[in-house]
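Chain naming follows the written order as A, B, C, D and E, and within any one chain the residues start at number 1.
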């Protein structure tokens, strides 16, 4: 049973077909890195998989469950880390984590939360309102949340963006840990160097279609698209 | 400079205010006779009128301080404006409160849609709006700037509100009860004068204390900020 | 995931945010106050007419204030894409609805109860022995507004022109609620025998029940494709 | 940089956006329509009272509609941080004010003129020979609302709780405009001799002049530190 | 005369001092790359320089003009490229460019605009509404705008984020061209590799203070902070 399996997914907008019969598979414990030019449809693909919009045609499965029919099942597995940080400005870091976890039926104790925040380097800001966080600090908080949730399927839209170098390392460490525990990770990225460190599989989305590439090609100098 | 000045004199203002008010209360409650029309109720006048006029003065201070702030950008002047708005709410509410207590026996209603009452309520609303605006802005500098703008625009507006409302009501119908004709003479004048002076001294004292408080709070925040900056990053 | 837990956490989050920022209640209160003053100005020619118009003025002010509160209820979820997050989480949509309804209803009722003494003063009312019935009418009317309101607020927040679309869609639907509330309040304040305005209160309750059930049921289709 | 050119371009941009999306005008129109209906419902006891209340209803509806339009005027500049961009550009702040005032005034007037025939029908008015004077009152009242409104809209858009703070700050200040407009309209519709309501029109014009000048002057401090 | 000169700039927020006496200089024709951990205050520094907020203390100069007193002069030189793209959703790419340039008194002809859009690779989307643009496409449009404006001072907050590889190359090419024509560029970045290609000078912002580092250290593997 694979972690994520996309089967001929298509998405059209009013003027324009963005995804054309995209199929792919991410095994459990595997990280798939998705590249592609600006406007290729990477974010669109992630949104489909996150059950945020319905594909124009095609279907997908997560942990063996149909992503459209059984979407409430699928939602128990997946976690998305995207440009929006899903945080409430008036609550502080700890309260935001509590709330996010409560929605999944989890109630971590204060020590666990503290450990996670320390690990991502924002322990000192635990009682700061999110409104005052910088972009990178919000991203780090998202990692802390993911550490505590331990999802089976991780969808990440440009995970490295707005993170500093230590932050990127942290992110990769977290991805490696997740895959180590059997999670499937699908990420989009423009950062080949960082992605190459964790990706087990890679693909390029170009003109609506997905083409697999070798991970070692990521390190090579030539252009992907 | 100014803050030292405030610190030196405010105590005297407070003490003098208390003395004047005490004398005024004595005259007003004990030494003056009841009014021939209104009886004992008239004694509310001795607090109502000072409340009303001090609250107008508060808005005056607020306006001047706001203009001054936009011109010089002195944070202390902003504190002064902030303080006078807060104190202004207190005195305005006091005037409204005593006024409506007075209204119940004389006009037989707590409230009527009369010119003065309405324009005064709008004064209160502007002041409260001013304070709310301040709480909804994080940035100190912007908070001061926007608040000053609101105060200035409100200052232009208040006379217009007052006069237009007055025209409106007088154009259509006579005031339900005309109370302007109380003969203020002799025994009733003295307590009023004492109370008024006392209220003005008290006002000065309160604005002084509040300005100083806001100023110190700001200093403290800045100091704490510098410390936090060292702890956190 | 426990249904009632989700409701509780959602309401907790809204109340906590509110206690932090004190935005909604204080601003709704002053908005209502000002609306009442403006109305009284524009409509009242004499004390007698003013008292006759009072139930109308009161309910129009409450409904407008409610609409502002309802609008903010879901726009708060737009920051950092929090709404998408709710959508992606494995929680029953109905629980989201009820959680939001709870906080909306609470905010509106608090504001209305603070305003009530002012009405008594402004309009010289004499209602002290009628308070229980008055509170009943208040709750029934407010629930009628906020049950559909919460539904539409979730809907309009996801479209363009949201600030206007909420009142445009909501107001026509709640006309019966408004009529019922105005008539019942009017009857109560005039001191009519209860049998005269009882049908209006019954109408309100019927509306509440129908609206809440229907909204609860269709809410699913708003937060999910 | 030419002062009038900036005004022209700002207004062009707003009008073009509006023509594309047709958001503001159509939604303001429907909002006003519904507000008027709701008012008529909540207040009308008989035909006679309804006609007497009509100027009040009309102006309250116009002002609330105007506030909605004003609010959107600057929130539109928040998307993609456009407001920051205006602030960073070497353009006179006064020109920004006048450009925005122009488009706001235009939108409001268009809506009001579309609504006017409906009033004539609903309330059985008889105004055809009075139209020029009526339009004058309309323009004067609307300018009064939008001159301070544009100023406050720029201010509140940059703070928390902006949806509520705009009406909270604006409504008390425009009480004289409302009174003037209601009285002048009432006098006109009742067929009073012009000398009776002429002072109100003068009040409106005085207010317009003072407020436009003051707002123009202080606007600088809103978009700049 | 240096392009940008910061002299003991400090910024405190209500709770917190972010920048402490930061001084630096960027010569004309030079590119300065600013690094630092998440939350160091990089974005804050750029906002000060862009005249968007006033430093708590200290001052800065651009092209010899005081940045606080003569800020309207300074605004004629500077252009900021940041996370917000300063674009209007309802206008298309060409209209957005026209508007942005008009605010600076420029009126490019259609051919010039077309050339710039083609150069950044979004010529095919010239008449698409911005609302439909992906993150990277918006960033590319910002580059096109900058190409046409040719500012003397360029401030860029994470210029490479959300650009694909070709986009990053484009960005570097544009930066080199700008410095070649005498512009001063100050950018923040988390991408050492890309920045090293264009930077003539580099610094690290850490715990509120700025420390210069050698550009060749950027290529080295050790940690900057």
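The definition used in the following text is that a residue touches a chain if its C-beta (ideal position, glycine included) is under 8 Å from a C-beta of that chain, and two chains touch if they have at least 3 such contacts.
Keep in mind it's a predicted model, so treat the numbers as computed, not measured.
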Shared interface partners, meaning chains that touch chain C and chain E: A, B, D
Chain separated most widely from chain D, comparing mean CA positions: A
Chain B-chain D separation of Cα centroids, rounded to whole Å: 32
Where chain A and chain E are represented by their mean Cα positions, the distance between them in whole Å: 28
Centre distance in Å when chain A and chain D are each reduced to the mean of their C-alpha atoms: 47
CA centroid of chain D to CA centroid of chain E, Å: 39
Interface hub residues of chain E, defined as touching at least two other chains: 13, 15-16, 37, 39, 53-54, 83
Residues of chain D engaged with two or more neighbouring chains: 21, 160-161, 165, 168, 172, 175, 179, 225
Per-residue multi-chain contacts in chain B, two or more chains: 118, 122, 125, 129, 132, 136, 138, 141, 232
Of chain A, residues touching chain E in the complex: 13, 15, 35-39, 43, 83, 121, 125, 132-137, 139-140, 158, 161-168, 190-193, 223-225
Of all residues in chain D, those that touch chain C in their complex: 21, 23-24, 27-28, 30-31, 34-35, 37-39, 41-43, 45, 49, 52-53, 55-57, 59-60, 63-64, 68, 71-72, 75, 160-161, 163-165, 167-168, 171-172, 175, 178-179, 182
Contact set on chain E toward chain D in their complex: 50-54, 71-73, 75-76, 78, 80, 82-91, 95, 99-100, 102-105, 129-130, 138
Of chain B, residues touching chain C in the complex: 100, 109-113, 118, 121-122, 125, 128-129, 132, 135-136, 172-173, 176
Partner chain B, residues of chain D touching it in the complex: 148, 151, 155, 158-161, 165, 168-169, 172-173, 175-176, 179-180, 183, 199, 203, 206-207, 210-211, 214-215, 218, 221-222, 225
